[in-house]
Every structure is written in C-alpha cells, then in structure tokens.
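Look for subunit A in each of the two complexes below; its partner is subunit B in the first and subunit C in the second.
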Partner chain A sequence: MIQSPEQKKVESGRDVSLDMRHIVRTNGVPILFLALSITMAAVAGLSPAFLMNEVITRFARNSLLVLSLLIPVTAGMGLNFSIVIGAMSAQAAAIAVTLWGIKGVSGFLTACLLATPLAAITGCLAGLVLNRAKGREMITSMILGFFANGIYQLIFLFLVGSVIPFNSKSMLLPQGVGVRNTVDLINIAQSLDKIWRPVISGVRIPVVTVLVSLGMCVVITFLLRTKIGQDLRAVGQDMNIAEVMGIKVDKTRIIAMILSTVIAAWGQLVFLQNIGTLNTYNSHEQVGMFSIAALLVGGASTRRATIFQALIGVILFHTLFVVSPLAGQKLFGVPQIGEYFRVFVAYGIIAVALAIHAWQDRQMRKEAIREAVLTE
Partner chain B sequence: MLLVLPVELVLIEGKSKNMERARRVLEMKGITKQYFGNTVLNNVSIDLYPGEIHALVGENGAGKSTLMNILFGMPVIHSTGGFSGEVLIDGEKVELMSPAEAMQAGIGMVHQEFMLLPGFTITENIKLNREPTTKNALSRLFRSKSLDYLDVPTMRKDARAALDRLDLAIDEWAPVAGLPVGYMQFIEIAREIDKKEVRILVFDEPTAVLTETEADRLLESLRRLAADGIAILFITHRLDEVMAVANRITVLRDGETVARLNRDEAVVERIAELMVGRKVEKVELPPRAKEPSDEDIALTIDNLVVDMPGEMVRGLSLSVRRGEILGIGGLAGHGKLGIANGIMGLYPASGRVSKNGENIPLNSPEEALSRGLAFVSEDRRGVGLLLNEPIDRNIGVTAMQVQHKFLKSWPHFLPALRLEDRAELRAYAEDMIRKLDIRCLGPNQPVRSLSGGNQQKVCIAKALALEPEILFVSEPTRGIDVGAKRLVLDLLVRLNRDHNVTIIMTSSELGELRKVCDRVAIVYRGRLAGILPPDASDAEFGLMMAGRVGKEAV
Partner chain C sequence: MTDKLKQTVEHIGIPRLMIAGFLAVIFVTAYITGMSVPQLLSDSLVRVGMNGILVLAMVPTISCGVGLNFGLPLGVLCGLVGGLISMERGFVGFPGFFAAIAFAVPLAVVVGYLYSVLLESVKGQEMMVGTYVGFSSVAVMCIFWLMAPFRNPELIWAIGGKGLRSTLTLGNYYGKVLNNFAVFEIFGIKISGGLIGFFLLFCLLVYLFFRTKLGIAMLTAGANPVFAKSAGIDVRRMKSVGIIASTVLAAIGIIVYAQSYGFLQLYMAPLMMAFPAIAAILIGGASLQRATILNVIIGTVLFQTLLTTALPVTSRVIQGDISEVARLIISNGMILYALTRSTGGK
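This part shows the complex of A and B:
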C-alpha cells in the first residue's frame, strides 16, 4: 500500500510557524519598495493629501496597461514588451478621433472601437512571430516593439499628409507631411476622468476611470475561470504537455497576445485622455518598460503574476515616481538625482527580476535532479 | 486471478459473424517502417483481446517505441514517409493520423515520462483539456465553448471516481507538485481511465520509476483494469512483471517479432535469451604476459552519483583491474554513459574515485586529465572534436592544455605564453595517422570532412596523446560503418595489449563488449547490477539488464 502523504501535512504545519519569514522571503520586492517609498515620502516631507492625489491619478492612468501584461505571463510567454504595439494602435485611434473632431465620451469610445481591431490584428501578428520564438518571447517581444515603432514612424512621419490624405493642417508639421510632435487631444482629454470626480477630504478621485480598471480585473478573473483560462494556464506551465493533451498551443498563445495587445490599447487611451496631450513619437516608447517595472515591483515574476500584484505594483512604483525627485531635491538640492534614481530603479528592477528568474530556474532544475537521485 | 480469457469472450460475442476478427479489439498487421532507408520495423504484427494484458518486451532500439508511435499516429511517423501494413480496431481498418484521432478511436497511453502539470491539482490534471463546462451569459453571447465556465464540481466527481477505481485514497484537489513519484503514475492512469471511450491502454514502462511496492500496486491496478474489459499493452524491461501479469508476450528484437508466447509456455530465462539473442562470434584475443586480477586494482569507484540528465548514476561502486578491458553495458537511460562523463568531470558528480589509491577530485576535467585518465566521448562531434580545426590540432589540443605538450619551450616559466609547436605537432599527428590508419589527405585536413570511423580514430589519437594509464571509451562504434567498427575495436585491443592501457569501454552494443572485454559490468537503474564474463549466456546478460538481481560473477 502507498501511504497517504502524512509527511506533507507535517511539513505544512511547520510552514505556519515560519509564516512571517515566508511572507518576507516571497514578497521581498514589494516590501523593499514599500519601505523605500515611505522613507522617501518622509524625507520629502509631502502632505498626505498631495501624495494621495498624485498616486490615485497615476493609478487610474496606468493600471490598465499593467493589467494587460497578466495574460501573457499566465500563458508562459513572460513579460510582454510588445504592449507598445497596442499603445501605438491606441495613438493612431486617438489621432483619428482628434482629426474627426468627435468630442467627449463618445470620442473616447470611438477611439476604443477603432483601436480594438487594430490592436487585435497587430497582436495576432505579434503572436505569430512569438510562436516562432518559443522560449525567447521576452527579447523577441521587445525587439518587435522597436520594429513596430519604425513602422509607426514611417506612417505618421512620412505617409500622413503625402500618401494618406489628412485635411487638418494644424495637426501636421510645417512642411505639410507628418504629424506634429505633440497633438493636443482636446476632444478626449479627461473625457473619462471628468464624468464624475468627487473630492473626498482633499483627494480628487476619477471614479469612472478607476472603475474601468477594476472592471478589467473582473473581466480577467472571469477569463481565467473559463475553459480558455484553463488552457492558458496549462500552456503556461508546459507547452509540450499541453500539446500532447490536445490543447492547441499556438492558437492559445496567439489569443493571449491579442487579449494583451487590445487591453494595452485601451490602457493607452485611458492614459492619453488623462494626460490630455499626445507626444506623437514618444508617448508609447516607455509604456512597455514602465508597466513591466510596475508589475515586477508588485512582486510578480516572469512566470507568475496576479491581479493583486499588478495593482500593488502600480501603486508602489508610481508612489516612488512621485516622491523620488522631491526627495532628491530635499536631500541634495537637485531633483535630477531623484530622477536618476527613478530611471535606475525602473530598469534595475527589470534586470534583477530577470536575473532572479534565471537563477531560480537553474535552482529548480538542480532540485529536480537531486530529488530524482534521492527517490531511488 | 482476475483474468478474462479470450475463450469466454468468444462466447460473449459468439453472435458475431466474422468472429475471429471482431473479437480482437486491436490488430496491427505486417507493420514495416523505415527511417531514411533504415528498416526499424520489419513485418511486425501484434493483436489484443479485450481484457487481455499483452506484454511487449525488447531491448532499446528493438522497435517498441516506433510501433507505439505508429499506433498513436504520431507526426514523426507521417513526416518520415509513413509506414506499410495495417492497423485494425474492432476489425475495422483505421488510419490514425494524429494522437487526437488515436484518442478518439479509444486508445489511451500512460506515458513513460509524466504528462502532468505540477501547478495544477490532481483533478485539473486528470481532466486536462477534457474539462466539463457550464454556459454563462458571455459564452452564450459569443457562442464560444472557450468562454464556458469550468464545471469544477463535476470535474472533482469524475476525478474521484477514477481515483477510486484505482483504489487511491488521496485528496483529488491536492496539487501535483510535491507528490511522490508513485502517485504521479497513478494520476496518469486515472486520467486515461477517466476517458469513457478508452478500450485500449498502452503502458510504456510504467514501473521504471516506481519502488517495488508501488510497482506491485500498479500491477494490481493493471489486473483490475483488464478485468473491467480494457485491453492492455504493457511495455517493460522487467521480466518478473511480465510473468506476473501478462497473458501473452511478444518479443521484439532488431525490429522483428522473434517470438509470441503464451504465459504458460514462457520462462524468464527464455524471454531474456530471445530479447538479447545475438550470436556472438568469439574471436581469440591476443594473450597477455600477465592476466589482470583483483590483486592489482587500477581504479576504484565508490558510491558514484552523477547528475547526467537521462543517464543518471545513483551510487555505483566498481573496481577496475589494471590492464584489463572492462565493458560497461546496460539499457539506455540506466546510467552507463553517466559513469565516464561523471568521473571525467563533464557532469556534476559526487562520490569517491581513486586511482592507485590516490583520490581524484571530481567535477574537474583538468584534474582527471592530469592524473592519467583520458576519455573518448560518446558525443564525438559535440564534445570530442573541434570540427573545423585540422586533424593535428585536434589530436594535440588536450595534451597542450593539460600537459603542455606540443608547445615551444620558451618561455618555460610562463606556459600561458608559449606558442604551439607546429612542427612537433605535425610530426606526432603524422605518426598517429600512420599507426591508427586514419584515412585522410594529411594532418591539415579539417576533421569535419572525415568519415565517422576516421573521426573516431582522431578522438582516440587525441586521448592517446595524453599517454593515459586509464582510457574511458564511450560508444566507440556508434554511427560508424561495419568495417570501421572492427578497426576501432582492434585498435582498442592493440592499445590494451601493446601499451598496457587499462580500458573502460561503455557501449550499447552488448555484442562488441562481449567480443573484446575481459569482464562486462551491467548497470541497472544507476547502480551496478553485476559483472559477467564475456562468455556468459545470453540469458544471463538479458536477465541482468532487465533488473533481475545479478550475482558478482568472475
């Protein structure tokens, strides 16, 4: 007879007593950033109301973009740097809506409607490419982002106004070809935020925008409970096994990319309506990097990321964004130092997370081998 | 005994007109398969009755897995030109083009390596990609089954039922990660029997990773499933298990059916003999002045563990006599290749290895090489050779590194700055080319353009440049043609006799081990099963390789 795994119970019983240490070890990154944020906020001497205002605004502005990263992680494709492609789709839609002069919420919704098929198609293409680069999705998606940026520039810098008819001279560069560096999104600026923006004890809350983000959390949760969610998880754990069990791995991965890109496009629209102006050639560039840094700050890894980690990550990362230049100003008299720190943190956290991931991978393999020897 | 005999089934299905055919659930007839001109299966036939356990035994490379790949319609079969012969299920000819079609036809497979997702619960694994679902508003809207909710209560109920059928009292919602290996095997089986349409179950060496009690339990489940009317094809090396559960036994060797036995006419020794059964022509080897003996031990291996993926060594102890040719044999995956790779520092190893009483530090190729050990790797083109470099540099490179041979003498105090001595290297290489009869255009020829046999000779020459006391040779004749095989083996014998090199030769070809070795050690599951003299009978070798406890002969 095989005994029931009594031993496991004993072990899990011991785990409880190690709870605190366990929490710290598994959540080291968010705890570190929480401590950093608090220290810097204290150094900068910020008023809580100001901080809250800033953080809530940035939370509403960025969380959808970060949430767009979750599905590819679940599908085992790592951190999807190519969400910048979704952002570009969104910007194309935003420019179109501005050109057509559709105002307010209807303008925003039109932009969403327009961005969705664009993002779906580009996401599908990205998925096709990533299916040929299994195991190297992250670097491939990053380079895909750069590549798409080239096409984006070609279209908006050279084709618009020359090949593509464009009847608004004010949006074009002086020579009449190419979109201006900055486009005032006058039609959709704040369209979502200002629907209902109550002030609660000095903090302005863009309720609708926040609700959109939370709504996305519900949608993602729903998706992961369905058959397609189960497939995504299975593919994420082991493509070969999923394939053998008859799950269409390539198709599932493409679906993950489409979903991610579309959500990212909506996220970028939410971002743009909050900012109010479009930096035609820059707004999308940092999207991937900063969203990924935020997710990692929340304690996610390239293998596992939860909605909770995404939300916590956005809050912590952007709190740091707000306080670090101010702390730099206070401490050294130079806000640039805080700014440097911020950039250092954004890229550093990605590098560290990727290194830790590789290290854990190796550790796991070693462990598996040791176990195999011991079972004999 | 929970056996449903074919006779009873005839009675049950007696109404059937075409009785002979209809009562067989599976027939594979005259299966022939070639890979790139190599015949791996030649006119093999096998059939299965409901409720029968049919054992399929054979050495590695006998064609068992190819046969199963055909049964499952694996893409590898169709992408290499398909096969000839026919597959009948319930007497109907079928063409299985994919694993999914095989599954639909009622064929289940319990994989040798577990197809389980560690992050999922047992239930999720059992129902993987066959999850029952319930509709919700969105899935109705989009008419998409993908958006249906998973019906977790039904999933759990089904999983529970399957586990109960195997008499496995374990929480069906426990995660798979961290379960003992034995459980994982049962979860695999539970998944197969949960498929309502499964009538044929293939077990591919299911007990390979199990402990003895777990294996017994598994065999019990096999009987139970057979009693339910499922036809079982049982692939294994362990002949005891075959004897314990099989109704019929088919022995494959070199892609051919060599025997089909009923259990009552089968004897373990006979099966073992059939499995190995190559007649070995014993050639008289040149005599030695002094025969090696246990008095004079050259190398002692004590409790060696090597983490070589797929060829794990799990605590092997062995003494090598000075001046002998020791063969190491065993089935693939049992660790014979890990031994030399571990001692030479190519894979992480632990344990104690000592030469002439002097300890050899493990995990460092340099330490091993500098202590008079040399290695001709089984991975000739990967580890053994610098393919784009000329013959002479290939021969000299290790000796240059380790012993500072073939280097200019100045500056002698700083070996790192010493340049390659082309003239000396070339002279040595020419000597080797002559002695080993390496067929080439000259010492400048890149080794990539040499034939397999000549590449192997370069590998041996490279090892000889170290003037080793002990030479490890792994799979010396793999992938080279018949004539070259003989030359390589003769060369090894000559080295041993003329230069008194102790040789430890690892090979999958038992025949060649028995031809040139003084003793043959058989490795089973990472440990020494026993040592046999080369003239021991086929049955003895077969039994030892199949895990029957061997005795320390010789």
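This part shows the complex of A and C:
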C-alpha cells in the first residue's frame, strides 16, 4: 500500500512504538531473512572474515543482474524472468571473445560491446511478445526464458561448427559440432576484479566491480528522472491513463524490456569474469530465479522495487546461500538438507511474494468496489 | 474451394498441422532409412499411455476457470508418497499398484483442497503462483525424502542408512504391471491393452463426469462465473472440486508413469513435470479457457509420438541428441503461443 508522507508523519509523531511497528511491518521480509542469516551463521560457526569475503565477492558478482530487474517492475510488467535472454546474449559474446583471443579488460569491454546489440534485439523481441500478453507478463516471461533456452541450445549445440563457421577445435565437442559444456574464459577471467583488489583487515574487495554496480545504481536513478523514466512510471501505474496522456504504452514497455535485457547482459558478463569459466548450457539457467529471489528478499514486491531493496536483497540472499549448507551440516549432519533448504528459500520466497501481491491486489479491488458502492 | 481449405486449416489449427507435418516427415525419413516403423509406433503408444493421465489432469482446472495447472508437481508428489508407502509395505504386482493409488488419492484430495484455498485467494495470478508453489513444494519434499522414516533397505541409501535413494527400481514391486497386461499385436504394432486401456478408462471417467450435474455446473462456473452465480452455482466450490480432481489425476498419473518407466524418481525429478503435460494439451487444441478429452488424446498422441520418434530418426541424419532441444522449443513455444493468443481478462 502506498502511504502519503503526511500520514506517516502523523503516525510517527503520535507514538514511537507505533513507528517501530510500522518499520517491522513494511520491512518484514528483509528483517526475517536477516534474523535467519544471523542464526544460521551462528549455528555454522563461521569466521566473520570468511563470511565477509564470500558475501562481498557474491555482492560484486550478482548485484548488476538484480538491478536489471528494476526497470520492468517500474513499468508495471512485474518481475522479468526473461533476463536469462540477456544472460544468453552475454554468453554468446563471451564465447566470441574467447574464440578471438582478446585478452584482459579490452576483452571484457569487447564482450560488453558485442553483447549490447544482441541483448537489445532479443530484448525488443521479448517486449513484443509481452505486449501480446498484458496482465500475464510474468508467466509469459518465464516461459519465454525457457523457450529462448531451447533456441540457444539449438544454436550452440547443433549449428555452431556445422552451419556457423567456428575455427577453434579445442572449444568444440569431440564430433566437431557444438560448443563444449565448459569454456575456460581465460582471457577475461577476473579481468575487472583484479584491476584493483585491496585487502582490508582480511577482506578482499574487488573495488572496480563494486564501483560498476554502484555506477549502474546512479545511472538507473538518473534514468528514472528523465522523460523516459516518467513515461515508464506512468505506464506502470495505469496503462489506460498513460495512453490517454499520449504516452505510447507499447513502445515504452518495449524500451523497458530492452534496458532490462541489456543491463542483464552486462551483469552476466560481470558474473562470468568473476567465475572464470562458462558452463555453456547451465550458467544462465538459474540467473532469473536467483536474481528475482534476491530482489524479493530485499523487501521488493512485483509492483515496487527500489535500488536499496535490490542491494540489501543481494547481500541477505547470498549470505543465506553461503551459510545454509554449512548450517545444515552442523545441525543434521547432512549438508544436502541445507542445500535443498536454500533451493526452497529461492522458490518459496517467490511463491510467497507473488501470493501476497495477488492477494493485496484483490483486496484493493474489493475496496474500490466498496467505495464505489458507498459513494453512490 | 480455397475458402473451404482455409476453414479446415483454421479448424484444425496451424500448430497442430505443423506438428502433424513434422511427424509425417519423420516417419517418411524412418521408412527411407530402413527403420522399423511398427517398432516406432509401438514405442510411441507406450509413451502415450505413460503420460496420458498427467495431461488429462489439466482438463478439470481449465474447465473450472483456473487455467493451466502449473502446480501439477503437488499432485505428483502425493503420487510419489503413495508409491513409496506401497513399496515400504512390500506390496507386489497389481496389489502394489492399486495400493499405491489407494494411499496417494486421499493425500491428493487434502493437498488439492489446500491448494484450491490458496488459489482462491490469489485469483488472477493462479498460473504464476501455482508454478512457484509447485517448485517450492518439490524443494520441501527433497528435505522430506532425506529425513523420511522409511526402513525398507531397497528404498534408502546403502551407505549411512538414512534418506531415500534418488531413483527407486520398481522391478520387484509393481514395475510395468500395466504395460505387461493384455498385450496384443496388430500389423506388427505391439499394443499394451492394460496401459492404453487404463488411460482410456480415465478419459471416459472424466468425460462422464462432465455429463453429470456437478460436471455441467463446473463447466458453467468456468465459462461464465457471473451467470453461474446468478443460476445458484457455488463458483468457489466448483473451482475447489476442479483443483482437487486435477491433483488426484496427477497423483494417479505419476504412478502410471512410474510403473511404465520402471523407476520412481524422487528429489528434483518432479520439478518440471507440469510443462510437458501443459504443452501436450495445448498442442491438442485446448486454450486457457477450454479443454476437451479429445484435446487430451490428440495432444498426447502428437506430442509423445514426436518426442519418441525424433531421437532415433534424427540421430540417423544429425549427430547428437536433438530431441531434448526439440522438446524445449516445441513445448515452450506452444505454451507461449497459447499465452499470447488468448484474450480475456486478467
């Protein structure tokens, strides 16, 4: 629910404890996950330095991908499960750069340059599809991701080497057709991370990578203040009113998808340069789900997501990711329990967030009908 | 003449024509390359019987107005639990098979009811919520499989003595009981009367259900909730019955699937089970609002025949296993087609 600032002020002025309750109520999800992470970390008995190292690495690796989700949410298209398409574009670029042997930062930048038009085109296509499924964007974007995965596999498993010329035997499967399951990204591995990586009290910080993510936060904030940002928000609030106001709704939604897909492609490249190897047929599969789960853990909903929520969400989700198998090992003696628990958390948080959103939507509609009846 | 042709094409539907054409190409290729066509058809029929009831599970939810049941794994998990209890108790052969169903159905009714309560409160987002409720329940059950108090040494890991194995062999229990029942041959095509008969029996049961008063009330509630309400039909209850029926069918469906496959697959195996079933019924010509038994039969036959024949035939022409990729593209392409086509409110 959107609360006007005046209302909030009255509430906080009246009673401090009420204000506290308000904070808990509006930030219930991140607080719950914070408590869960702390408990599990305590159970697992991890050293703070180890935990900090892991979380910082994962923060640098994943935050750009999570940020790519913000624009479609603003445009009222819900959580964009089809950011996997951006990830696939990035992987195509990463394979090309490895094939050409462009090394270091220039290799990374070439990959970004190559991935951008690919992601823009595929994002535009995704936008066109989603415009035909208004009100069902999320399920459609999810199926679109699966569909694109099929096309991606068709290209890289059967067409590369047979139809598409490819002159590196070592990167192909033994029969000469199809890219190998793993590609060693030796040229761009860690290229961004190792530019400047100071160690502060035992914690290694990939400064440049973190700065790239924070830079993207600034860019998104700036973008949302421009004319395009205003259009996106207007479309997100009500498509019909936006149409009446003279905003080209379909075009705006396509722009949102293009931006999201391009940012996701860059995000996947940042992810890959940190990991250093590409699982040709798996690296992209979980990207959409994990990013969305992280955003939701940060307290976002399918209607409202802020940069702050995205960043907090990445930290909390990945802390849980690091500690839960270890806690499972300590508590039950079976590490798989913790592993399945984090799979459950990823799926469960999405299920709960979607359910709450749908339920609130219904309550709001009911309220509106009641008000309409009363005013009559 | 051209008008008539156009009408026929529209009536059958372009996706179905494309897939039927694809199948024709596959069979012609098989014949030219000297493969046994009857053998391919026999294998296809087994796959049809194996998957049919899972596809049939989509009919009640579409008919009662909830849409495609992406929460199919819920029913599948109930079926798996039933199958496990039957094995734990040591039932063998047909008694084992029916015991599995008997254990699974009550569980599926309860789970289906709870699922229907949830879906009622998230009206408009049933498909998306259903998908993720299905996914998360699979993850929860993974933890359950690890902790479950089963004792039968053939079910649990040999080392450690705790936790169920990921794949359980049904050979000594009720593996292939339906497949091996009443097998006969026509034109060299082996047909399992038990398996196909069981599938057709359930088709008939669902068909008859939609001829009863309750069934017609459900169809009305799905097609036009406002009209149904004014006619005195409890729309909410109808949806509830539809979702329960779908969950029960999914539970029975997975037991039939498992006995035919010969293995009970636990852990992450049920995760994606909903998608091929959804694709099959959509290929059969169903939409998000309407599905018939004929859609189920046509869709299952086309889709499963395609999947069964694509691998052996294409591997003669193309290197590598393209059938998995074809499955991904066709099934998700089909779902995408249905999602972007159908109109109707949120």
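Note that the second predicted complex is superposed on the first by the 355 of 376 C-alpha atoms of A that agree within 3 Å, B and C clash if a C-alpha of one lies under 4 Å from a C-alpha of the other, contacts with A are read in each partner's own complex, and residues count from 1 in each chain.
One rule holds for everything that comes next: a residue touches a chain if its C-beta (ideal position, glycine included) is under 8 Å from a C-beta of that chain, and two chains touch if they have at least 3 such contacts.
These numbers come from a predicted model, not from an experiment.
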Discussion item. Let me test your reading of the model: by the given contact rule, A:Lys227 touches which partner, first (subunit B), second (subunit C), both or neither?
Written reply: first
Worksheet item: Who does A:Pro198 touch here: subunit B (first), subunit C (second), both, or neither?
Response: neither
Discussion item. Just checking: does A:Arg136 make contact with subunit B only, subunit C only, both, or neither of them? Give me first, second, both or neither.
Written reply: second
Worksheet item: Just subunit B (first), just subunit C (second), both, or neither: which does A:Pro165 touch?
Response: neither
Item to complete: Check the residue A:Ile247 against both partner chains and state whether it touches subunit B (first), subunit C (second), both, or neither.
Response: first
Worksheet item: Looking at the overlay, does A:Gly45 come into contact with subunit B only (first), subunit C only (second), both, or neither?
Response: neither
Worksheet item: Which partner, subunit B or subunit C, is in contact with more residues of subunit A?
Response: C
Discussion item. Let me test your reading of the model: by the given contact rule, A:Val343 touches which partner, first (subunit B), second (subunit C), both or neither?
Written reply: second
Discussion item. Which stretch or stretches of subunit A touch subunit C in the complex?
Written reply: 129, 132-133, 135-136, 138-140, 142-144, 146-147, 149-151, 153-154, 157-158, 173, 175, 177-178, 332, 334, 336-337, 340-341, 343-344, 347-348, 350-351, 354-355, 357-359, 361-362
Discussion item. Residue numbers of subunit B touching subunit A in their complex, please.
Written reply: 99-100, 103, 111, 115-120, 124, 128-129, 131, 133, 136, 138-139, 145-150, 168-170, 174, 178-183, 209, 213-214, 217, 305, 307, 309, 312, 314-315, 525-526
Discussion item. Applying the document's contact rule, which stretches of subunit C touch subunit A when the two form their complex?
Written reply: 70, 118, 121-125, 127-129, 131-133, 135-136, 138-140, 142-143, 146-147, 162-163, 275, 318-320, 322, 324-325, 328-329, 332-333, 335-336, 339-341, 345-346
Practice prompt. Provide the residue numbers of subunit A that touch subunit B in the complex, in ascending order.
Written response: 1-2, 4-5, 8, 222-223, 225-231, 233-234, 237-238, 241-242, 244-247, 366, 369-370, 372-373, 375-376
